[in-house]
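Per-chain numbering from 1; labels A, B and C assigned in written order.
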């Protein structure tokens, strides 16, 4: 107590308790300098900036409910006979994992609700990540300095897929068991090491008695642990980089305009957590998800039609369903292309979107920081590429549910499969072309709007009988917003002869880059934005509509 | 909102004429005009509106409290196995429904209250915050590089190559222990995937009745599943064995069997195929008795069971293995050998 | 194949109706006629066969042949048994309306009495499974859990875990079992209609069938409880994923739009 008198004149005047606690913590943690930078941190307001929050909150909800579920779940494959309260299963032989999941659903009060919140939150978590990723992609928010955060987010999506998949497999029900069987078959298809990996993962032959316990530690510890680390890193980087913003009056590449963290964002973001949790809890109370009691315990000789994985694995499922059954036998070995090729495509397809930021920055050669978001129309090639990617993804998602599509639209399952096979190659090309045209059209419209003003909807008849529509000039705010984007010029290969007149060797990569750059920013790929001169020339001619 | 009656004197003057475009800058009409002036909300200028917002927020928080009480009441009062009929949902568990709704409302109203508070009562003035380049300035950069070089030099790692190389060697080898520790995760494959429980003389036991079968039991167009005699559901290795041994038995008119070997391995038109799909191992048994096609429900591989289980559609790479069957002295169907080839999905060593 | 709908306006339609009336009267007469029981049964039986034959000639013979021997348009009915007729006609599948991948369930156009007569006639062509009596498919003495296991082994691969139906090759499908009369389920297992394989009593015992029907009633009946709430068709992850995207994420985004929207500004009225 004696030291208190020495160092702190401010504590003499009996500061409020909160302040004293904060002082105490600051003396040990240095929280004030941290708070100085962050307490009034500015966040811009836009609904699409909250998609990431949906993911963060559903992730927290998943962790909370997951911890609860571990209190009751038994990750064991010991066979037991069921005597619980669900009549259609009484006397059935099942694994302890399945039995404890039935118990959570029927005998633990509120257990079913928590299970359903957990599962719905997982579905929404991954859907949220997908949409969030697309938002970042289409607005170009992945550009410098945010490439690493893009990768963090991408990893979270991939890890989320596998965490979801391992969790879906834990109850050891007939549906998830079929999914695990598929995984095992896919592992077997890996050349050279496939059988070994399968034996090691399952502790011997499929299904064995180990995989639930092993998937359990992967599902509740390994993957979520990594994800938690990535989420923290992701958030730190968001804080550190400060949020991006759309172009507009007063918004520059050197500032961020919005409301401060304390109090507005504290309330909005904190409130949004409760809103998301509330929505998911209500859904879990109203809509059933994964009713494992109706599905039955897993047995490798039983199956149900309509066997699908959860949606985020549907893309992989579609690839596997659409692939023709190629198999090559040589020198006593089998190359199971029918399964292995989809596996490889799955990896490549995801890698393409993960690496896209680096490809684009290589094409543009732009080393500057970008904090102003692109409107998708102003980056037509990128937008078209993204739409093509999503199209291929969606087509394969349809392929993953081809049987349900067939029965519900009264189609032949074979026809649906052929549609998917062709669509996977044709769809993205069409989507690319159409999207690019639409983007260019929208750019033209923006250009017209800037130069000729907004269509007012007022029709005027001129003395000589001609009808015209009156166009209202835009305000400077609007003019600025519509012309704030940058337009790159296609990169050229540069002189092929150096200053001494010696022929320079043009590298293949340089040529490729020039070609790509032309495709990105050439005449056919963007509409030149109006210049001040053009604007002045048109507006000076008064009386022109 | 314009219909709200707001005392005239409270309205700031510049708010009068909205949507009057500012004349464009003469020099550069596209220049950034800067942040637009802040406009006030009704709550900022009308205390009555602010009061209304306050009451709304408080009401939302109160509803949340009530909902939490409702949650506790439902938890205590509703029997956990009680079901109720709720119109579009059907017959559902009363407790799950009540808990979900009360919890949902309790959470949602907290969020709604906080957001309404933020939107209507907290300051909504937009503020611009400066950004600073992420990159360090040249001096810092130079300092860090110099420090690093200094540190590296002091460590003598560049000069004493032996230390560096052996250290890298040690660090590279060390993780190998970890790899070895994983060895006992499972046995080596060996020939496990090549054998099933079937062998010469094993009776085909009906999965449904748990009895051996006679040829006369199996009619044309019927579908029966069988397991090898001696394998019982309670056996500890039942799952592993049935995953390979599961059998699908159908009967065709012998004339309609197109494949010569299939006919040879059948008995009076009764053929036994592995139930495990050769694609990734789903139990395939969507048997169409008129077309003799069997479809896999997982990935739609289709096999023609009248033609050696040839793959006619889908991603499977080879036909379903057939089991050679015959009849023993007592007239029961029996296996004449194990499957000639590995059942289930293909793998590298299959050949 | 001639369409049945076309036959409704057939000149012989009136005759059919007349025959039906006669058949009913005849049946009633047979039932009440003062004669020894065995003889009455026999008479009723042969009368039913006669009436069935007439119905057959009008409604079925064009595809299945005049004597049930089958033609290019329809399979032979010799030996399919009364159960097959009761199923096919009783669920409205027969008479078929148009060729296609599969003959679907339709409105039943014959009365149960007519169906019984048709069944009696077909049964007289060759021995086959008889129409099951109610105690065979009733709930008494059934083991629901065992039925579940049997269902998952024998039926779920086509009809889904709880009998919601599923796809087969080239536009064929396994229909939903929701609301299907237990008798018809029993008959379908016995006779294997269309592309469904049969599950004769020799391989799926009568008790097995009873168990399966009891299980179906427990998990897909009118009174079935879906504890979790709305079952989304019981189709599994596809409908769950769609719901999660549209309503789950959709609701979250709708809320986000509200959170991020600008509050209304005060304006002069």
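Basically, contacts are C-beta pairs under 8 Å (C-beta built on N, C-alpha and C of every residue); 3 or more make two chains touch, one makes a residue touch a chain.
Remember, it's a predicted structure, so these values are computed and weren't measured experimentally.
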- Which chain is in the middle, if each chain's centre is the mean of its C-alpha atoms? B
- Query: B-C versus A-C: which has more C-beta pairs touching?
  - Reply: A-C
- CA centroids of chain A and chain B: separation to the nearest Å works out as 15
- Message: Rounded to a whole Å, what is the gap between the Cα centroids of chain A and chain C?
- Response: 46
- For chain B and chain C, let me know how many angstrom lie between their CA-based centres, rounded off. 35
- Task: List, in ascending order, every residue of chain B touching at least 2 other chains.
- Result: 89, 92-93, 96-97, 100, 111, 115, 119, 124, 207, 225, 283-286, 297, 300, 313
- Residues of chain C that touch two or more other chains: which are they? 153, 157-158, 166, 168-169, 174, 226-231, 255, 259, 262
- Message: Residues touching two or more other chains, restricted to chain A: which are they?
- Response: 106, 112, 116, 268, 271-272, 275-276, 279-280, 283, 285-286, 288, 299, 301-307, 402-403, 413-414
- Message: Under the stated contact criterion, what part of chain C meets chain A in this complex?
- Response: 101, 143-146, 148-149, 152-153, 156-162, 164-171, 173-174, 215, 218-219, 226-232, 234-245, 247-249, 251-253, 255-257, 259-262
- Item | chain B to chain A touching residues, read off their complex | 21-25, 28-36, 75, 80-81, 89, 92-93, 95-101, 103-115, 117-119, 122-131, 133-134, 182, 185-189, 192-193, 207, 225, 227, 233-234, 236, 239-240, 242-244, 246, 275-276, 279-286, 297-301, 311, 313-318, 344-351
- chain C-facing residues of chain B, complex: 1-6, 8, 11, 15-16, 18, 39-46, 83, 88-93, 96-97, 100, 111, 115, 119-120, 124, 206-209, 213, 216-219, 221-225, 250, 283-291, 293, 295, 297, 300, 302, 313
- Residue ranges of chain A touching chain C (in the complex, touch as defined): 45-47, 49-51, 53-54, 82, 87-92, 105-106, 112, 116, 120, 123-124, 127-128, 131, 174-175, 268, 271-272, 275-276, 279-280, 283, 285-291, 293-296, 299, 301-311, 314, 401-404, 406-407, 410-415
- Query: Which bits of chain A are touching chain B when the two form their complex?
  - Reply: 40-42, 79, 85, 93, 106-107, 109-110, 112-113, 116, 145, 178, 181-182, 184-186, 188-196, 198-208, 210, 240-242, 249-260, 263-264, 267-268, 270-286, 288, 299-307, 317, 320-327, 329, 331-339, 342, 369, 371, 402-403, 413-414, 417, 450, 472-480, 483-484, 532, 535-536, 539
